[in-house]
Amino acid sequence: MNALTSFILILVVTGLAFAGGEISSCRVLLDVVLPYAAMAAFLVGLVYRVLKWASSPVPFNIPTTCGQQKSLSWIKSSWIESAHTKLGVAVRMAIEILLFRSLFRNSRAQIRQEGPRLLYSENKWLWLGALAFHWSMLVIVLRHLRFFVEPVPRFILAMDAVDGFFQISAPQLLVTDVVIIVALLFLLQRRLTDPKVRYISLFSDYLALFLLLGIAISGVLMRYFFKVDLEAVKQLAIGLVTFSPIVPASIGALFFVHLTLVSFLLAYLPFSKLVHMGGIFLSPTRNLPNDSRMVRHVNPWNYPVKVHTYQEWEEEFHDKIKAAGLPLERE
Amino acid sequence: MFMLEKAMVGSRRYWVWVCALLTLIAVAFGFYLHQLSYGLGVTGMSRDVSWGLYIGQFTFMVGVAASAVMVVLPYYLHNHKDFARMTILGEFLAVAAVTMCMLFILVDMGKPMRVFNVFLYPQFHSVMFWDMVSLSGYLVINITITLVSLHAEQQDVHPPRWIKPVILLSIPWAISIHTVTAFLYCGIPGRTLWRTAVLAPRFLASAFASGPALLILLCLLVRELTSYDVGKKAINSLAVIMTYAMVINVFLLLMELFTAFYSQVPELTEHFKSMYLGTVGPNSLLPWGQLSVFLMIASLIPLLVPTMRRNETILAFTCAMVFSALCIDKGVCLVVCGFMPSPLGTMTRYVPTLPEMTITVGVWAVGALMVTVFYKIALSVEIAREASYVPAYKYAAGEGVTGLQAHARSNQSV
Amino acid sequence: MRDKVWIIAGLLLFLGLVTYPAWHDLVAGTTAKPPQLVLPANQKQCVAPLSYMRTSHMKLLLQWRRSVVRDGQTKYVAFDGKVYNMKLSGTCLRCHSQQEFCTRCHNYVGVRTPYCWNCHLDPAQVKRSAR
Amino acid sequence: MKITRKEFLKISGACLVALSGKEVLAVLDNPAEGQSSSSSAGKARKQLGMIVDTRKCAKAEGCTKCIQACNAAHNIPSFQDPDHQIKWIWEKPFDDIFSSYETQYLDASLKEEPTPVLCNHCDNPPCVRVCPTGATWKRPEDGIVMMDWHRCIGCRYCMAACPYGARSFNWVDPRPHIERLNPDFPTRTKGVVEKCTFCSERLANGQLPACVEACPEKALVFGDVNDPKSEVRQMLAKSYALRRRAELGTGPNIYYLI
């Protein structure tokens, strides 16, 4: 049901964009107003979210630890999995962000009929699917710089050369185009076919997947099948980023679908689960060092406690202690 | 599914080895990029000798891949229990070997960016097409078998039922990959060295000698480095298989030589003359051809004398001899000398260049890395499983170790 | 707010990266003006309508390639009934300059120069280099 | 008689297998035909071939006009390194190409007589049989063994399969090694195989192959060997001709008059 409604929603948006592209008076709305509004929502929303997270107090030191904590010198600690230094945290974050370390640890529990026994086994498919999707996404987003930037930066062309290594058709097939769609379809089928995952899947989970699929498919269709005028696309894109928007005569109906869905994604991102893009940096379980044995982590809303340390106590009663013949730490 | 995390923990020795292999691969990749930009002119191949080290090594590795069948078949078809601890190693070796085959083909291609043309415009009359099909099929089959059976072993459950037919399928499939590879050569009208009906049988015989030789060496190495022992009986059985195969291989080679030299048809003899005698043309590979024949014959002695074969030190040396003899014979001479003399009677020198050899070594390093990682994963699972079967009284006495500790320990030792 | 410096810096970096095209185009003085392509002087009409050629010339080229190389057909009947020789160098490049037309627009939209030019020659360029 | 669904599936499956088996056999029997099912005429269709009159050829000593004409027309690079050479039509001593026909008493000057060799455009070409992508194929309409340089993956299986050494591989980028570029014909790119195509591009314009046109002695005669009225057939009917390695069953279509 959740899947169906979100699918229908994306279909409706697609249909509206398709129809809007046909009406010339709507083009200004779709070509100019919508992208600006979406971008504004994206930037403001994301900054708002990050600042809100940043201003939330962190009462406890709660890093997730997956290895031996730093303790005594002769116990080997794992400085990345249970980082106690800033460097360790940075490396751990980098591995998490670039390689999805915690998904790599993903496991699956199942009950086998023999026994019956409860078995835990590692399961890397989700990790592989997620990695394939996110990296392709990054490459694809960077690739789109060629529309916004003139002259096109070298590294974009170099990336394109690697991505389009295989000489299949013209324009040459880009591997990431295939990978992103396969990965998204895998992630979708995982939600639909695994009853446990399906049970916990919400409308928003499906919406994100269908939205991304819609964007990817409309892009692929435009590149390989229903061609659009790239020169006009680039003019529009540069017009947008230089704040002197122009509305090209015609680009192709599919382009409006693509642009509308991307705008939808941009505007929706800060208010959805997709904002993990920024949130990952601010998760206390990831960004805090596991140094509770070395550093005192103070709860920011603790009222000031008057502390009377041993040194102070010893100084206060120095003479009396000495007189009683008791040992002193400091003579 | 992939248990990759087991390959992520290991001793210093393990990591030094892995990093060394990665360095080799990186260097070779650099040379490959050079080859990609400059063209295959960086190799020693030429208009007349148009296939060289790459395709030779490809052919040889197909044999190594196919030879997994020599442990799979006795174990699954004849219930030969001795091979229980060796089968998974053989299958993983096959996966690495097939991958190497594909890499050798890829680096040999003038236009690797068009590799998918083989599937986009399939030509059913081309043996090359069927070779690609059978190789990729074999890869998929073996990956499936190894992952599924290892997974089941790790969880200590029976593997799913459907895997049995897949394993049985892998047996004829293994034969097919090397047969089809032989067809690549023996179906060509103009090259008399290859155009012989015994080429496929000879390929299989040499495969079933060279593959087990490598597997025995690997098993001995594994025993040295870890606590995993495939068992003396398994090694002895495999050595017997290798002996038969090697004898058949030498026999078939003698058949070829007889046919050529007794009939004295110049077309038949001249390839052998250039390969082994040097009486036809200057052949840069002559010493290598002679060395491989010498090693082949010499290896028969320790193979055929049971006491020598059972001595593991001698066996290790013999395996090295068998392996290198066949690696030279099939991996270089048989392919290259097929072009000598050329159809127009020219003897063209073929000497592999530095980039060519480095790229070849790089592909070998990929294979070695795959074997290392696969064996690491497989042995971690196996050793942990065995360690968890500690008799109960030992637990009580505190002598035993839990599976987890054993696991940790095995990771240290592997 | 803990780690204020880091968070603000990260946020600014992010904003900078997202708005990079705007900064870049501002500094480079880029406007939405397309490249000035050198149009053929002697011809008014291409082998297909302009809008089709703008978006789908690669499809036409693939179709020509197939016809000439695989099917042995060398004549192309255009939409207006005119008959052309299906040749990249002999027909297309007779009117268009590879450098001034093909490459310039490909560079503008960041589409890699296709491998056509690894083999096919631009007659004008050959003439120039021969001189 | 009742046929259950299972039985029906079995039977129809068996029929399918049998049918496809027949197809495969047909293809194996003659790949050139199997590839282009449109041409079912078989032997009767056109087959272009060439006669090399070695006696006329020998008259013009040191003449390489045919080779030069071909090289110029097809942007053939010239490499100093013999390993990298590209050859469509070239010369070989008579003795090398007809070693099985020679008598050892032939005069040395005749043995060494340079004789032009080129692709034989076989009736049953092994190169076409082995090509995994169809980058080389036998053209049904005129029997030319064609090359598609856009599709070649550079596996060089055809070079191993060709018993005439008629195929060349671009080991490096040929363009810098071409003396004078001919813009009307593409150069090739590194990593593909090439060979003589009987000047298919000239035939399409109604011209003769460049080598035939260039020969001052008219030693090269070009035509349809399946047409009994053609000039080549008239000549072949009158004199004894040799074909290179015809015993291999490839059906070469270059005839040498001696």
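Per-chain numbering from 1; labels A, B, C and D assigned in written order.
Heads up, the rule we're going with is that a residue touches a chain if its C-beta (ideal position, glycine included) is under 8 Å from a C-beta of that chain, and two chains touch if they have at least 3 such contacts.
None of these values were measured; they are calculated from a predicted model.
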- Which two chains are joined by the greatest number of C-beta pairs in contact? B-D
- Could you tell me which chain lies farthest from chain C when each chain's centre is the average position of its Cα atoms? B
- Between chain A and chain C, what is the gap in Å from one C-alpha centre to the other? 35
- Message: Nearest whole angstrom, what separates the Cα centre of chain A from the Cα centre of chain B?
- Response: 43
- Query: Counting in whole Å, what is the centre-to-centre distance of chain A and chain D, each centre being its mean C-alpha position?
  - Reply: 59
- Each of the following residues of chain A touches two or more other chains, namely 167
- Spell out, as numbers or ranges, the residues of chain D touching 2 or more other chains. none
- Message: Can you pull out the residues of chain B that are in contact with at least two other chains?
- Response: 111, 114-115, 120
- Query: If each chain is a node and each touching pair an edge, is that a line, ring, star, complete or other?
  - Reply: ring
- Contacting chain pairs - touch in the sense defined above: A-B, A-C, B-D, C-D
- Item | Of chain C, residues touching chain A in the complex | 1-4, 7, 10-11, 14-15, 18, 20-22, 24-26, 28, 30-34, 51, 54-56, 58-59, 61-62, 105, 107-112, 114-115
- chain D partner contacts - residues on chain B that touch it in the complex: 38-41, 43, 45-48, 50-51, 105, 108-112, 114-115, 117-118, 120-121, 123-129, 132, 184, 187-191, 338-339, 342-346, 348
- Tell me, which parts of chain A touch chain B in their complex? 104-105, 112, 114, 117, 119, 121-125, 165-168
- Note on the structure: chain D contacts chain C in the complex at 139, 141, 146, 148-150, 180-184, 186-189, 200, 204
- Can you list the chain D residues touching chain B in their complex? 24, 27-28, 31, 34-35, 82-85, 87, 92, 96-97, 99, 117, 126, 129-135, 151-157, 159-165, 168-173, 190-193, 245, 248-250
